[in-house]
Amino acid sequence: MTVSAPTKLWDKGYELDPRIEKFEIGDDTVYDNRLILPDVLGSIAHAAGLAKVGLLDGDVFWKLHGGLAQIADLAEDGEFSIEPGDEDVHTKIENWLTQQLGEAGKRIHTGRSRNDQVLVDLRLYTREAVLPVYGAVLEACDALLQMATEYRMLPMPGYTHMQRAMLSSVGVWAGAYLEALLDDLDLLDAAVKLNDQNPLGSAASYGVALPLDRQYVSDLLGFGKVQNNVLYAQNARGKFEVAIVQALTQVALGFSKLAQDIMLFTTSEYNFFSIDDSLLTGSSIMPQKRNLGAVELLRAKGQVMLSYQQQMLGVLIGLPAGYNMDFQETKRPFMEALDLIENSAAVVALTVSRLVPNENKMAEACSPELFATDAAYDLVLQGVPFRDAYKQVALSLDTLENIDPEAHLVKHTHQGTSGDLRLGVSSDKIAHRKEVLAKRAAELDAIKTGLLTGSAAGLPLPSPGPTNGSLPQPAGDASDR
Amino acid sequence: MTVSAPTKLWDKGYELDPRIEKFEIGDDTVYDNRLILPDVLGSIAHAAGLAKVGLLDGDVFWKLHGGLAQIADLAEDGEFSIEPGDEDVHTKIENWLTQQLGEAGKRIHTGRSRNDQVLVDLRLYTREAVLPVYGAVLEACDALLQMATEYRMLPMPGYTHMQRAMLSSVGVWAGAYLEALLDDLDLLDAAVKLNDQNPLGSAASYGVALPLDRQYVSDLLGFGKVQNNVLYAQNARGKFEVAIVQALTQVALGFSKLAQDIMLFTTSEYNFFSIDDSLLTGSSIMPQKRNLGAVELLRAKGQVMLSYQQQMLGVLIGLPAGYNMDFQETKRPFMEALDLIENSAAVVALTVSRLVPNENKMAEACSPELFATDAAYDLVLQGVPFRDAYKQVALSLDTLENIDPEAHLVKHTHQGTSGDLRLGVSSDKIAHRKEVLAKRAAELDAIKTGLLTGSAAGLPLPSPGPTNGSLPQPAGDASDR
Amino acid sequence: MTVSAPTKLWDKGYELDPRIEKFEIGDDTVYDNRLILPDVLGSIAHAAGLAKVGLLDGDVFWKLHGGLAQIADLAEDGEFSIEPGDEDVHTKIENWLTQQLGEAGKRIHTGRSRNDQVLVDLRLYTREAVLPVYGAVLEACDALLQMATEYRMLPMPGYTHMQRAMLSSVGVWAGAYLEALLDDLDLLDAAVKLNDQNPLGSAASYGVALPLDRQYVSDLLGFGKVQNNVLYAQNARGKFEVAIVQALTQVALGFSKLAQDIMLFTTSEYNFFSIDDSLLTGSSIMPQKRNLGAVELLRAKGQVMLSYQQQMLGVLIGLPAGYNMDFQETKRPFMEALDLIENSAAVVALTVSRLVPNENKMAEACSPELFATDAAYDLVLQGVPFRDAYKQVALSLDTLENIDPEAHLVKHTHQGTSGDLRLGVSSDKIAHRKEVLAKRAAELDAIKTGLLTGSAAGLPLPSPGPTNGSLPQPAGDASDR
Amino acid sequence: MTVSAPTKLWDKGYELDPRIEKFEIGDDTVYDNRLILPDVLGSIAHAAGLAKVGLLDGDVFWKLHGGLAQIADLAEDGEFSIEPGDEDVHTKIENWLTQQLGEAGKRIHTGRSRNDQVLVDLRLYTREAVLPVYGAVLEACDALLQMATEYRMLPMPGYTHMQRAMLSSVGVWAGAYLEALLDDLDLLDAAVKLNDQNPLGSAASYGVALPLDRQYVSDLLGFGKVQNNVLYAQNARGKFEVAIVQALTQVALGFSKLAQDIMLFTTSEYNFFSIDDSLLTGSSIMPQKRNLGAVELLRAKGQVMLSYQQQMLGVLIGLPAGYNMDFQETKRPFMEALDLIENSAAVVALTVSRLVPNENKMAEACSPELFATDAAYDLVLQGVPFRDAYKQVALSLDTLENIDPEAHLVKHTHQGTSGDLRLGVSSDKIAHRKEVLAKRAAELDAIKTGLLTGSAAGLPLPSPGPTNGSLPQPAGDASDR
């Protein structure tokens, strides 16, 4: 559908220089398309809140509700979108409402600003957008768990300083990445919880002199709580998002390390893993090349995450309080960071599930020096102090003999080694997280459906008809003006 | 006391090029001094663990315990320290034990590596070092709370885009910073919890083929749990520390914003706050200058935090699994980041407590345009749709009249504005956090005292005398070798 | 025009997993569209080089030339572009040539790899893309020069530590930014010169065992020199680009500082400059708001530049030698950085040209304390040692009298102050740079035209007909194989 | 020698809160010790400039000269240093002069501020401190040149995507790093040239109303030119330093890449190089370990450089014009960045000179797939189009035969490959740079000696005795005051 040329909400009869306008909007509108549904939901709740305190008639509310629900439908069908030339999602929606509904559209912005509107949009967007991120990371966990389980006792040299160190197993290697990811999700939980605060009602940054019921609006939207101080709500723009990006950067750390390991272990020189053709790209010049392009990119994407985090923090730091236009530059890196981790996690899951250990190659690499420490421990068990045993072995390294790694691996019995890897703990955590995730997805769906269909259970939307409550008296009547 | 020239633990009869040695150690030893007590505590627990599983005689354990406790005493008196020329804290301590106790010293390193030793040192250091950080941030919270309480209803212009926007109050302004800090501490909690895992037993990165009892050692040290996978323990070096730095970067965001606000509001042009002489520095050339040097630095330190975070993440990302020497470069920025936030928080507390609002200046700055939105709301309350009201006011801005800000402020009644600022919630949070903090400090003191005096309650240290358990059989007996 | 589904150049009969393919390509193809013309030019020169050494018949060369020139035309008309689903610009072009020209297309990739192809594309792109950047920065210089000239003697308070310091002038203020930009361009020159090296012939990273004439190809493309070592050519991917970004970051430093100053000086509290409505945006809630959104973004874009620089350096650092897929992640930030500075410079030019000083406001702000140092100098001129004079004034600040700033400004006579601002030097530099820029643009146009029309002056392209030179003998004949 | 407790230059009878003072100074004084000699030289020139324009008697000048020369001597003997508790180097020196010389000391600060004083100190420091950096990088170049020369034709597999790609040589590998460093020094030249501007006379940021002769002072100090605009001089604080750090970051890129290659090529799996024991460190647990700790740190230090660059740029960006205290946070990362590169270059030189290729291991790694492209070229030379030849070979990779790499390497004849590596060009550049470096060192020594001994050739220092020029009239006489 066509929407006629948008008017700016703040139109005062002068024209913005088009070069300035282009500079300000940039490609921001691309990212605003992700905020259409959040903006609709936030607008329904805001309008309901206005009606609840008597600032909007019930009839007007339901008219707006109909229009907003229609926008959600149109957007789902690809028929409502933010295009270059549009100022932003908020303007587009208000203008559409006014064009379609007349005066009702002109009433919806009472008691709010685009500043708190974009905040609530981002919070609603975020709480949805993190779900597939959790999901993808859990898929990666599953792949790592499966690998660790299958190859728990498959001997593999362990490296420190990139030099052969001591005997390890494929299970220990895969399990290390698995446990890191599960810990990372705990950090992500804390950031996601921070995000679960309703900023609506903070308006431009300082609230309004109208008797808004912020708790009601917050409950309608299913937020954990109202973000209390109105200025804090605005100061939190970008801050909450970057808290999530910081947690995701921890995930990226693990992915990047895993990528570096895979790159190393799939060289001709190591050759510890065979890798499926479906993961490999070729060269335009060299007929023999089988490159792990995606794994290289996985490594590089870690750095990209660092630059997203840097950009967001850099933009925010040192800004004075209240809304600043600079905030806009935190939107793209935030959304791209979520995408990046979701996509990277999928690549990790796929890659790990298609890595096949070359047992012989690993066994060959379990050369005698890997067991030098064990030789020292043999002496220790005969009563030699460790430091003496160490030196004795160090000076006779050439006498170290070949050891069968499989036979030796069974001696790794203490917690956290292949003999006691406790993969069940991780498995339980994954299962529990999947349940929580499904439940949360259902919750959010119910909230969306409730708002869009007007049947929010427990929290009735305003009744049609004129408001029952009395409109607040015009402030203009106050004697002090 | 003098300790003779240290030998390297890995001495094999060749000399490291002194230029290489200097490059490797750099100023790292400076920071190792903070790890002396943690290293002592970790060593006591490790030795107890060895004794528990029969790898150390009870007598030897108590000998080592005596030496280690003595090092703790010497260090407290400034008589044991890591100096340029020493390799690191671990080497210094092992060498000292061997020099003082003979063979017992040579036994302590059984079943561990400096890799897991430095990990446990850092975890123990961190759990102590965050306490004064929490404390200092809570002091800053107190100062902000007091300011917000005292000036909750003192009118102040609110700014967006650095332009006058709507009426606000000093209470709202101070309260915004307060609530941000309290949220930040929730993020810090998650990172601190992550840190609360015992890495001992992971050895070089792959555990050892000895029957260590990692849970016992973990309990002795009072860790929340064992960090299970041994390779993950090593991969977590720097990772856990940077998780804490990421949370502290959120604190720095707030401090930097506050500093920018204070710089702005104390210019001659704003003049919203008088500031105590004790916070001001002068110029060498201009007799009149009264500069807020510390506040400027507070602003700059935010960027310093970003670079610490960047350095740590940059060093870590893309490293292959297992211990890598690169980790060393995460130590200094981590320790300095903790110091930076502790010191910055103290400056915030001091500065906020000495800022005195210039009521008249703020009132003067509450010029009519600050109430333009309210003029539109007056029309709204008379039934005019908001967007029309907005335009009507926008086109007649010159008719806006002076408003008494104090009288108007009372209309800011909804949650999060000056009329409903809910400072009690923050006050309760501060009080609760102080309690938790004091309790945690006591807990940690008890653990330290227990380990140093050998009276760990509940978890008895090994008995003197030869071990009761039978020593594990030498692995050299195994038929497969 | 429609090109049928592209085949991968390295097709070996297996399918890349589509999720991997999507991850690898991402939005990279968007940026590849900027490389179509460079790829055409590089391909013409490469083919000519092949013909020169007898690896291609003259007829085949001219057939390829015709096809490549046609691609250039189609691309100009928007009828040849890289779309999602295409692997990259190189593949698209080779496939098109093969489809249109048959066997000739299959010959063009002899002796090259996409690795050196993308390098030469980026170098050619860069040398063109920097021209409008220089141009836009010079426009900003012009605007600053005009402001500095017009208001050279207009008194303005000078600030240090954001506090009033000493008398300055609008001319000094604008001139400071002007001189910084001109210095920045010197740094940019060095980076641009670095970029002026022909990488073709480095192939995958190690050259080829064919007798390429790299100098001839370099001359055809008008490069300053051949980038000699083939592996260095590949290691320079991203490195040369980030050298340019580093220089542009210096420009961004200046823009960001200027933006911060403008934000400050256009607050109601300072009110030093009036700003044209065409630069201002409004609020959706506050009818009175006049926000300098573009200037705020200018400030934020400085941080965005830092993150581009960080991303590029982060991706590059620590990579092993030779081509790595990670390089791809340097392309987008590089291209966006060039755009960002070009657009920012245009906004600076526009904004500066529309700033109008409020002389009265600045004069009012020239309060007595601004002249405290001068009071000390009066004493100095009477023989009092400066430090004593300083203290004397410091202790009697309240006796400082009002000074007429205009009358005082004439005493600022030494070099670099308003009385001796030497704007002519900057003016001459701008003029000289504009000449150099125009000349360079003409040079590059001539090279492009020469290559596309086949009339490269001085450096004849190969003659039609079979090659005159004898083809090198097949290496297969060599006795050692 | 003992200097009594310093007084602050701006002392006005109130006390700075000691916590604020500590926060402001931090460890900044440590770095100020490097600025003692620069401060002395700048002060001599400044005082001479004052005398030249009649603001100082010749006798007073020579008294100050004597005191300053004495400070230089004392500092050289370690008897004058900046200690914790001192405010800064400038204060310490002025106070010392006043204590030793009485009134003369109180006159030296006429017409300057610590703001331009620290600027000139840093510029003088920088121009000296870059010399050993150049020197150390040239030593690294020498080592790489020697390796490239000795092993120019030693076959080595070339890698892309960390997979075996095509035949290369040790000479190509070492030469690639060599050429990169030489290019980096060109970038460094541009930044060093930028630094060569005299900022003295810019005072606090806005010059002074005294007739300073900035050109004379600039010439005395041997600067390339006066930095003209006084505000630009101040805005350049940190900016010029970070320009140098940006160039050095390019050097760090190369070092980090080299380190990664060495780490890879010295694994047991590659084993391409033997490495001298003097470069290796051991493990505390594993008797066999031979770790390249310094090379790992070289890799990590690249990231440290990025964080220094980030810190400096982050602190600077967005600051308003004029001196801001934030600048202080650029000093430490700048000085440490210079040290880091100097030390890293020394480690590179040492390490490269002690790497010994394992010829057999490299030859073994030259497996048949390395020659797949050459097999395709054989077909090309028989007339098969390259793309067809490529596919033909790709589908019959198992028929590739063993090739003797040495025999094949001679076919790498085009520019930039082992057959035409043009090391002479690099060798000439190194030689030329060493000459330039020695000349520059001599120049700077002559300037220093001239200033300290009072015998500046060509540019006579002021004569003893009262000034010949007439003192400027007190500004107090002006009718407008």
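Order of writing sets the labels: A, B, C and D. Residues in every chain begin at 1.
Here is the rule we use: contacts are C-beta pairs under 8 Å (C-beta built on N, C-alpha and C of every residue); 3 or more make two chains touch, one makes a residue touch a chain.
Here the structure is a predicted model, which means the values were calculated and not measured.
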Of all other chains, the one whose Cα centre sits farthest from subunit A: D
Chain pair, B-D or B-C, that carries the greater number of C-beta contacts: B-D
Inter-centroid spacing, subunit C versus subunit B (mean Cα positions, whole Å): 40
Chain centre separation in whole Å, for subunit D relative to subunit B (CA means): 33
Of all residues in subunit D, the ones touching two or more other chains: 9-12, 94, 109, 115, 160-162, 165-166, 203-204, 264, 282-283, 285-286, 289, 291, 293, 296, 299, 303, 306, 310, 314, 317-318, 324-325, 373, 390-391, 394
Residue ranges of subunit D in contact with subunit B within the complex: 8-12, 14-17, 19-20, 22-24, 90-91, 94, 109, 112-115, 117, 203-204, 277-286, 289, 291, 293-294, 296-297, 299-301, 303-304, 306-308, 310-311, 314-315, 324-326, 328-329, 333, 343-344, 346-347, 350
Footprint of subunit D on subunit A - complex, ascending: 160-166, 263-264, 267-270, 282-283, 285-293, 296, 310, 314, 317-318, 365, 367, 369, 372-373, 375-376, 390-391, 393-394, 397, 400
